[in-house]
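Here is the structure we will look at.
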Amino acid sequence: MKQALPILAVLAVLLAAIAVANPFFLEPAGFLAFLKRAAPLVILAAGQYFVIVSGEFDLSVGSLVTAEVVIAARLIDGDESATWPVLALLLVIGLFVGLVNGVVTTKLRVPSFIVTLGMLLVLSGAVFLWTGGAPRGALSESFRTFGRGGIGPLPWSVLILLAVGAAVIVLMRADFGKTLIATGDNERAAALSGVRVDRARIVAFMLSGLAAAVAAILLGGFAGVSAQAGQGLEFSAITAVVLGGVVLGGGRGSVPAAMAGAFTLEALFTLLNLYGISGALEFTVQGVIIIAAVAAGAIRLPRKFTPRRGDAHAAS
Amino acid sequence: MNLLVRVRRPAPRGEAKGGLAARLREPTQVVFLALLGLIAVGWALVSLHGDQFLTMESVVGIQQRSAALGIVAIGQTLAILAGSLDLSVAYLISLASLVAAETMAGQDGNIVPAVAATLAVCALVGLVNGLVITRLHVHAFIATLGVALIIKGIVDHLYDGPAGKVPESFQLLGYSRIGPIPVSAMLWAGVAVVAWFLLSRTRLGYRIHAVGGNVEVARLSGIRTGRVIVITHVLCSVCAGIAGLLLAGRLGAGAPTVGTDGGYDLESIAAVVLGGTALAGGKGGVAGTVGGVLLLAVLDTIFNQLEVNSFAKDVVRGVVIVTAVAVYARRGTRRSV
Amino acid sequence: MQRHKAAAAAFAALVLAGCTTDKPAATTQPAAPAASAQESGTEAQDSGTGAQSKFFVQADFDAQLAMRSQTPEGPADKPWEQAIAPKMIDTATYKKEGPYHLCFSNAAVNNPWRQVGWKTMQAEVGLHKEIGKFTALDAEGKDDKQISDIAELQVKGCDALIVSPNTTATLTPAVTAACGEVPVIVFDRGVETDCPVTFIKPIGGYAFGADAAEFLVEKVPAGGKVLALRILPGVDVLETRWSAAKVVFDRSGLQVVGVEFTDGDAAKTKSIVSDYIQRHGKIDGVWMDSGATAVAAIEAFEDAGVPVPPINGEDQQDFLQKWKDSNLTAVAPTYPTYQWRTPIIAALKILKGEEVPETWNLPQPKVTSENLSTYLKPNMPPLHYALCGCEDLPGFPEAWGGKKG
């Protein structure tokens, strides 16, 4: 948890600033609305965390989200009874895309940046080739409930987010987590000490694909069918993870920090919107903050906290 | 001429000295062979379709279409060879086209100051990229993505459409040709030759390879690694600036979306790796990149001739890029991240 | 050394072989729109609409608003063949025998509007036996590629060239060059030269924006709070929509509480509208510059448990369906996709030597609650555009992604 402290401090400041501008934010309904909005990005960031901490990238998640929403709309086509089979299929597709990414990266030894860039092109091309250029069909009401509805005041997406959060924390505390960090930290050393490096990475990609599927279910549910549901999400997810202090190149950073990074990014968007920063300059502010945050992390973290193995590696 | 280069190439490329069989194992040769193969396949397909493939116009078209990407990809090659990468080039190209067209304001007399101003702005952006990466220890991916966002915000804030005016004389840069060779392609060739010279004949080139190969070893052998990375980023941004000038000449104005519409950021990286340069740095070169860009351009021309749907194009492009890199990886011994 | 000399000689030979430029001769460009823009709506600066866009041209605005009430000429059941106040020009010089080879340089097919239009155009081509060949190149939204595409098409033996420009100013030189070779037909966006034989467009963005804004002024009580949602700044066709709405709102008693950019993203739209409902308690009207995210905006009201105020969308299937199902107070101005049929018809008229309008202003109907049922076709995909004029074309509805039934 210690690694999450700096980003949690930043998050707290941002949330306080939002509350000052919009007191409604402090009420349960306002805060839940924020959590609901942030849920897809936080889940994507958790998935991206696994890939990044193992030393890789996943650039395909954005187009995977779009593809999943478009596939769901075409297959469900407004038919309530198709909801559950399609939901299951979406999760399988997510896992499968991750499997392909992982296998090509590890077994064919293609850098993941290129593999997932290729996957991005293939997914966005293939899905629209299949639907003839624009989404078809419609999502069912029960599909949309996950992103739109809730139990009483509690949105489903917040509950799903909590479940995902708990699951990933458990996963990182288990042997798999240690294996994954060892893989990202020093591949060769890990392999020599008996870690099945390739398998750990493939599982990481599959988890990222699964996270994209869940995010797609929430986003499609929240906002309906759209041809650009996942646009730009890959960069947002990577940015969120890095904001959380997770080091590109692998081996360092915690999953709660990555998820806090996603919350911070979402809070930043909300805040910029609230304070009415001109639509365009928002990007400039975002760029400056991202660089500043990562730079601050890179300079201070190694000194502030007890050095861990991998620090020297990461500082280079 | 080619042989000469090989022998003088800096150390990391030892395997290149062998005979023909050995040379065929090199990505650069693979990419040019693939290019020839693609041209043959394209010729067959287009003939079956009842068209002529390599007409004068399509040859000119291939060059016009690839010149801007080619120049950006050369710059990107330098950054990637040094173990870095630059995601800010697309927005920088837009910015460069605007700076150029606004400064020219339709006056012939303003061309020189405009070119100077554009390249200066780009060099400055490259300097910022490089310093953020080396001094602030921000990963190149995030540093250049952040700088890209900063430029995007500024451009979108200041401009809401094409602006400035490029005088007729400067537009010749985008349209003139000598026989079948457009001036833009000659500019591209010029940039490529300079970069090739830099990489293979100068000490800086050796250092770029060394830093990309292994930063620690390079540092221990007395190379100021930070400085090398900053220089490659400045050069990469200057290349983006040249591409911006070329596009301004072609469009007759500066356009705030010309760089992103062209997808020059990811596409230039794809062209570089398609040309056999390792994404991790240290291995590869300019010749491969030129081949990679031409490969993408010929692919595009075939799609154009056959009127392939743009979604199918994306699928094929994605598969081609991954397959190519997988083939190179088979040939190499160590895996690169 | 030998090689260098040989190379130099070859180079010199090449230079001698012919220095060519494919660049068109200088054209006189009309004054930039900004120069003729006038201050407008100065009387009501505090209506919350901000400064007027530099794209705003008063004369065009007046002309478009006037066109809305004019009766178009041509067959009433085929609006894509109608023209408003046409000034016919003679095309006898282009007359030739068929079969014809038509070429089309398309800006992109990267959004549902262009998809519907492109399918409609292809179906229209299928109707005419005199078209021997139809060559189309997709520029994928890249100006530079479209310039190359236009150059490439000029030498493919096209009898007529249809261009849907990606941007206005930057495609002008390429279109000018093509005009010297073949008759050129431009549609959707214009270019800054009058060299094309005809320019086809619906009435335009000012009429769109004003139609929507006037509806809100009529339906929302005075002093009501209106939220304006735009996709992006800086896109000419969208700027005109908003600048017309601004003029209308400035004259009205409505209060524009916010002008926000949605990037055309449904999730972002829904979030923005939710925020405004939260912050202002009540939003009395929503103005949108395009309908793609209208349903997301409506859902934000539903999810907040408040009634949906008067709103405008576009002729997109999902919006029309929602409108009917929820019985909304709504209007849908359109930018009809049937305009993709007209260039083919125009090209054939030109090649047959028949007169065409110099500027072909197509009617631009709006969907209202009275005529909603005539436009809403069942079983079409959610992002289909109702004014495709494609119902009578072969392959309907399957080719447009719909289902028979």
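All chains are identified by letter, namely A, B and C, in their written order; residue positions are counted from 1 within each chain.
Here, a contact is a pair of C-beta atoms (placed from the backbone, for glycine too) under 8 Å apart; a residue touches a chain by one contact, two chains touch by 3 or more.
The chain lineup, named per UniProt: A = Autoinducer 2 import system permease protein LsrD; B = ABC transporter permease; C = Substrate-binding domain-containing protein.
Everything numeric here is computed off the predicted structure, so don't read it as measured data.
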Pair exhibiting more inter-chain C-beta contacts, B-C or A-B: A-B
From chain A, the most remote chain by mean C-alpha position: C
Separation of chain B from chain C, taking each centre as the mean of its C-alpha atoms, in whole Å: 34
Euclidean distance of C-alpha centroids - chain A vs chain B, Å: 30
Shared interface positions of chain A, touching two or more other chains: 133, 279-280
Residue numbers of chain C (touch at least two other chains): 109, 233
In chain B, residues with contacts to at least two other chains: 156, 309-310
Residues on chain C engaged by chain B in the complex (per definition of touch): 3, 14-15, 17-23, 26, 53-55, 108-110, 135-138, 140-145, 147-149, 151-152, 155, 166-170, 172-173, 233-236, 239
List of chain B residues in touch with chain C within their complex: 1, 55, 57-58, 60-61, 64-65, 68, 156, 159-162, 168, 171-172, 174-179, 181, 247, 250-253, 255-256, 258, 261-262, 304, 307, 309-310
Touching residues on chain A, where the partner in the complex is chain B: 55-57, 104, 108-115, 117-122, 124-126, 128-129, 133, 235, 238-239, 242, 247-249, 278-288, 290-291, 294-295, 298-299, 315-316
Of chain A, residues touching chain C in the complex: 22, 24, 30, 33, 37, 40, 73, 131-138, 148, 219, 222-229, 231, 273-274, 279-280
List of chain C residues in touch with chain A within their complex: 109, 111-112, 115-116, 118-119, 233, 260-261, 263-267, 269-272, 274-275, 278-279, 292-293, 295-296, 299, 303, 318, 381-384, 401
